[in-house]
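I'd like to ask you about the structure that follows.
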Amino acid sequence: MKLVTAIIQPHRVDEVRAAVEAAGVKGVTVSEAAGYGRQKGHTEVYRGAEYTVDLVPKTRLEILVEDADAAVVTEAIVSAAQTGKIGDGKVWTVPVDDVARVRTGEHGADAL
Amino acid sequence: MDSGNIAWLLTSASLVLLMTPALALFYGGMSRSKSVLNMMMMSFGAMAVVGVAWIFVGNGISVGESMAGGLFGNPTSDLFLNASWVSGDGEALISTGFGATFAIITVALISGSIADRAKFSAWLVFSFLWAILVYSPVSHWVWGGGILSDAGPIFNEDWFPQDFAGGTVVHINAGVAGLVLALLLGVRKGFGKEPFKPHNLPFVMIGAALLWFGWFGFNAGSAFAADDSAAAAWVNTTAATVAAILGWLLVEKIRDGKATSLGAASGVVAGLVAITPAAVAVDPWGALVIGVLAGVFSSLAVGLKYKFGYDDSLDVVGVHLVSGLWGTVAIGLIGTTTFGAWDGLFLGGGFGGLWAQIVAAGVTIAYSAVATLIIGLAIKHTMGFRVSEEIEVAGIDLAEHGETAYEEAK
Amino acid sequence: MDSGNIAWLLTSASLVLLMTPALALFYGGMSRSKSVLNMMMMSFGAMAVVGVAWIFVGNGISVGESMAGGLFGNPTSDLFLNASWVSGDGEALISTGFGATFAIITVALISGSIADRAKFSAWLVFSFLWAILVYSPVSHWVWGGGILSDAGPIFNEDWFPQDFAGGTVVHINAGVAGLVLALLLGVRKGFGKEPFKPHNLPFVMIGAALLWFGWFGFNAGSAFAADDSAAAAWVNTTAATVAAILGWLLVEKIRDGKATSLGAASGVVAGLVAITPAAVAVDPWGALVIGVLAGVFSSLAVGLKYKFGYDDSLDVVGVHLVSGLWGTVAIGLIGTTTFGAWDGLFLGGGFGGLWAQIVAAGVTIAYSAVATLIIGLAIKHTMGFRVSEEIEVAGIDLAEHGETAYEEAK
Amino acid sequence: MDSGNIAWLLTSASLVLLMTPALALFYGGMSRSKSVLNMMMMSFGAMAVVGVAWIFVGNGISVGESMAGGLFGNPTSDLFLNASWVSGDGEALISTGFGATFAIITVALISGSIADRAKFSAWLVFSFLWAILVYSPVSHWVWGGGILSDAGPIFNEDWFPQDFAGGTVVHINAGVAGLVLALLLGVRKGFGKEPFKPHNLPFVMIGAALLWFGWFGFNAGSAFAADDSAAAAWVNTTAATVAAILGWLLVEKIRDGKATSLGAASGVVAGLVAITPAAVAVDPWGALVIGVLAGVFSSLAVGLKYKFGYDDSLDVVGVHLVSGLWGTVAIGLIGTTTFGAWDGLFLGGGFGGLWAQIVAAGVTIAYSAVATLIIGLAIKHTMGFRVSEEIEVAGIDLAEHGETAYEEAK
Amino acid sequence: MKLVTAIIQPHRVDEVRAAVEAAGVKGVTVSEAAGYGRQKGHTEVYRGAEYTVDLVPKTRLEILVEDADAAVVTEAIVSAAQTGKIGDGKVWTVPVDDVARVRTGEHGADAL
Amino acid sequence: MKLVTAIIQPHRVDEVRAAVEAAGVKGVTVSEAAGYGRQKGHTEVYRGAEYTVDLVPKTRLEILVEDADAAVVTEAIVSAAQTGKIGDGKVWTVPVDDVARVRTGEHGADAL
């Protein structure tokens, strides 16, 4: 199994969720993050002094999938999250040894 | 006893009492979320110890019969307000209460310059001593027939300082004390590098608004009656404040490109401070001028701390000292006699008034600086005034009060 | 000069001044956290520019001697409140201050319909113009002896519109202007799809409560004296408001199964709006009826924007226009003469009063709609009224004010 | 009709009305973020239904002519405030409004003992019944010439209970009712193990401060005039409160090593509660003593719930019952006749006053306990009083009101 | 070494922490998340309109363990977090190349 | 490619960001966490009762790097975040199968 992690723009979450559901994904874990890369942050003014807030808010999605689905889900995320502007984010895949469903104690693909 | 006057004094005293928690909200919102409670507790602590100090001897020192040639009122003249109480006179009684609220807010104002780093116990001791040794005598000088009044040795019945509601006694006094304490305690870790941004700007705005609301009691209540003067003070208070918001925002728009909510809230306070001494001494047009320039001056002044390197954390100096000075001096320039005592320079009154205003400001600055320094040094070298850098970085709330301001749901 | 009356007017003016920051909190809490500052700044901005506009010419247009057959008061009659000031008359002076607070809150109310998307500079210009060109003349019509008063060309001494504290002048007027601006600026991205839920409901509740508190000055202060009428207005204000909470919550409980805190806060405001014109014109039983139905009508009306597709973001139309109309018309039905001017239809007074109320409402609606449209279009086609969609999605606070409302600890 | 008195009564009634939303903020801040709305809605709900109940029959039961030997006032004497209205008498009218605000806050106080777990509909029914069946008669006993007044069967003109603003009627009464409901509903999941910490301490502090502000109307307004007594009450209210903050913080500092902001806010309330019955019956020195000991007693008492196992969630018993009792009894010890009715034990007045105070407290406790229990049991066994454990753990706001208090930006 | 990540119900955190400590774990990193899967969210009412909030709050635990302990810790979490209701969560394991302790610069198993 | 995850003291974030930038890293994702280990929490007082808050706030950094850079970046983080006190945190590395840049759809090292 694989864990696909996506860092995306917060306002694309709904579109991405719809896309991965269409690709057969049944569950997603979401959390807040912030990041920077080529996209630098914005400028705020405080008491007459300008300074840069360089961390931009992002949303992290984590999706457990079977090995075969990782590429498909990655493409689904990329196309749904894409706006073409710097800061659209990253999607990466890591190998997973095992998954367990807490409710039932099932393991492996059954636990997804 | 006039029931209308008592009604207005009861209302005014209640309004001014509210100003200190309003200040706690204003200051607290400007703090970081790890030190908001300590900031607010400095106001609440001032309410407690200055309240007791006032009831004990402060009221006597302030309004008792002059001693030592007008240096202070008789401290034992109203111990525990006993004399006021047995008089059974409502106006006397509520006036002592009104006075207590002024002493409290003046002390609380100072705390803004030492955010995030003062020991709470040291602050309580400072509050008690400063209320008795600085606030009470200075208020006697100006309002109690002391050395800065027309009855004092410096002035005469024609030319004497006008301070309707506390430009010298409250704002210059607290502003100087704030500067001294900021220097005494030193800068916070990260000062000048990190912005230390307000953690909750809606709190700052509502705090400023509640200050404004309470300030009607402060200024219009200082007429000590529900009369024409009180009405005049109300109108000027509003005129100066609305103009000061514009003045502050204008500077920001021109200098930074953006008008901020922190600027609007700060403008409110700057306008209120500046009109405080002048509430009836100028006409509404003069109030607009005082207000808009208070906004301009203070918005420019809050940057000075970075230049000179004193960490006046929440801008007690930039707002209270600067606008307090401006309002005090402005009377010497544009004061009029409709409700005021003499005409200012630009209205043909000559330099007499301007001179009186400057002397009153100067004496207040000098005394406040020296006395605050002595009290501050005494505390610093006995119990210590500042928490460790470790506590400061971790957040003073936890170390000093054992609490964190906000809890997530679980 | 009666000190009791002045005391109450000073208090009332202070209370009404507090209503605008209270509105800022009420509206700000309903906004999303990325646009709360802009929402609050529209109220603070209105305080600044409408305050100045009122001191400049607004007061003259509102209460100066009628010109052009009652279309407006003489704008130069009280420039910079100079005439009021030199009169030295406390009641006149504080009345101008009281008037300023009404002009400010009326303008601020409008901002609720254009949350998250108006340029701050455009809003300031709009506020200034609307205060002078719409609020001031309409207040002259109704309260200054103008065309909608018994002295005007339409009505006579027997039958004329009753608007004790501002059903037409304030709420219908602002409600219509809100509708026009909402249409002019267009809907927000996501309107009708996303719920745009309040980011801080305790703020909404406390904002509503402070509005209620301030409204005692608004309604009972409109007696311009501490007299029997003021007391009557106080009691009715409370009766209508408590009933309106119940009315709103009842609709929610029946329709949605749950009584919400947003509903309770909105019910408070709806009840206050509806009783505003009728504060002394009906008895407490009538106030209860007006209140409970205001809660019902407004809770049903806030859904209309989804049906008709105008993005009245924070329900200025549903609450102020609808409940303002209802309260105004209700006097024609159940007005009584204990403190009121004539009996309503159901109390045997005939159709005269009802007709007067409807005409006053109709004229206000027509004028406010046309004048707001002209001002709005002028701004839209010169400086522009709306920010870009990008700014709107990212949050207007950052782009317009360079700030974010809340900072995490670091 | 004296305009000054009316002005003060209008102001006082407005101030006391504000106390209930202030309480909502105080209690709401102490709640967890998943149940803050329900906590606040209990206060807003009380405003709605107790407001209506008071206008309906409550006012009559409280101040109508005594029936059944002083057990209650004539319920039909002022149905829908009709008699007050047609009297056209401002002082009568605003007094009914003032009375409404007392009934509302007393009921709202109770809600603190059943945080996080009461059905909202059950709470509304309880509020309505308790206002009519408990608050209104008890207020008649003490203030309406009923069984606990000098006109009643127990006391005489020399020795009768003094309760200036509601030690028995309001605080002991609500405190006992809170205890009974806490026992009836049972403890929350996790009680005694998890700390259930306040989710927003700045809310708690500002809530306490607004309570203090409103309390000036409560205590000084209970003079029913802007007179010497009102001024005396104002001064004592402040004296006791500042002392109580010190008392509470001192206990914390000694016991826990740290003075907390929750302690300061709680100290404010404890001091206000204790001085309520005694506002004019003791001198400022006495007020200081009452205050500091109220802080000490209540800060020690809030821990009792863990010992005895009743989940008085927000310390209605520890603060209102304990400090209410202390203030009531203290008059019997240190009451003086400058403004009070008789001298207390330590001032040479003998045991007569002390006995009167204890009897009044005892009767109130007994009646409140029994009547609350009956009403509570009736509700529990018909509609049910408590939500399921699942709802309690998930957060009552969502289940009962369909809302969450705070939304993140999106 | 392995990284065991668990997404669980927030109100089971204390139980799970106790269980993994009993299983020999010395440290845990905790963060907030939200998710959905078979468990759909709840309904909220706003201005008379109902709509669904489908993300349910969850807590994420991350625990670094030696290879041999991964299975034991997973079972400990599953049994402590289990309530049997839909939404109890997932536990997964990924391989870890290296761990360093910041304080000392130690690497590998010593750094746990 | 590798994913380097670091749990550090919140007040060391600026130093660590500077250090990894100096080591050639172009982007970072940051999020909030809390944790415990050898470092136990602090004591708070509530209504006269003391109790322990044992989760200490931490910051999580996630950095995608090429295989060769993982060790360098780890060392850069360790030395920048080190204060020598208990609670300084952990840094770990997991293998990554693939990375995609959302904006362009690029994969692999180009997507970093």
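To keep things simple, chains are lettered A, B, C, D, E and F as they appear, and every chain counts its residues starting from 1.
The rule we apply is simple: contacts are C-beta pairs under 8 Å (C-beta built on N, C-alpha and C of every residue); 3 or more make two chains touch, one makes a residue touch a chain.
Computed from a predicted structure; not experimentally measured.
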| item | value |
| --- | --- |
| Starting at chain C, fewest touch steps before arriving at chain E | 1 |
| Same-site or different-site touching of chain B by its copy chain C, using the half cut | different |
| Whole-Å gap between the CA centroids of chain B and chain E | 52 |
| Centroid distance [mean C-alpha coordinates] between chain D and chain B, Å | 34 |
| Centroid spacing, where centroids are CA-atom means, of chain A and chain C in whole angstrom | 46 |
| For chain E, residues that touch 2 or more chains besides their own | 11, 31-32, 44-46, 94-95 |
| Sequence positions of chain C contacting 2 or more other chains | 2-5, 7-8, 11, 197, 200, 226, 256-258, 260, 262, 402-403, 408, 410 |
| Complex contacts: residues of chain E adjacent to chain F | 1, 3, 26-32, 64, 94-103, 105, 111 |
| Chain A-facing residues of chain C, complex | 393, 398, 402-404 |
| Of all residues in chain D, those that touch chain B in their complex | 2-5, 7-8, 11, 15, 32-34, 194, 197-202, 205-206, 209-210, 212-213, 216-217, 220, 225-232, 234-235, 238-239, 241-243, 245-246, 249, 256-262, 264-265, 267-268, 283-285, 288, 338-339, 395 |
| Chain F residues within the chain D interface of the complex | 44-51 |
| Touching residues on chain F, where the partner in the complex is chain E | 2, 6-8, 31-38, 55, 58, 60, 70-71, 74, 77-79, 81-95 |
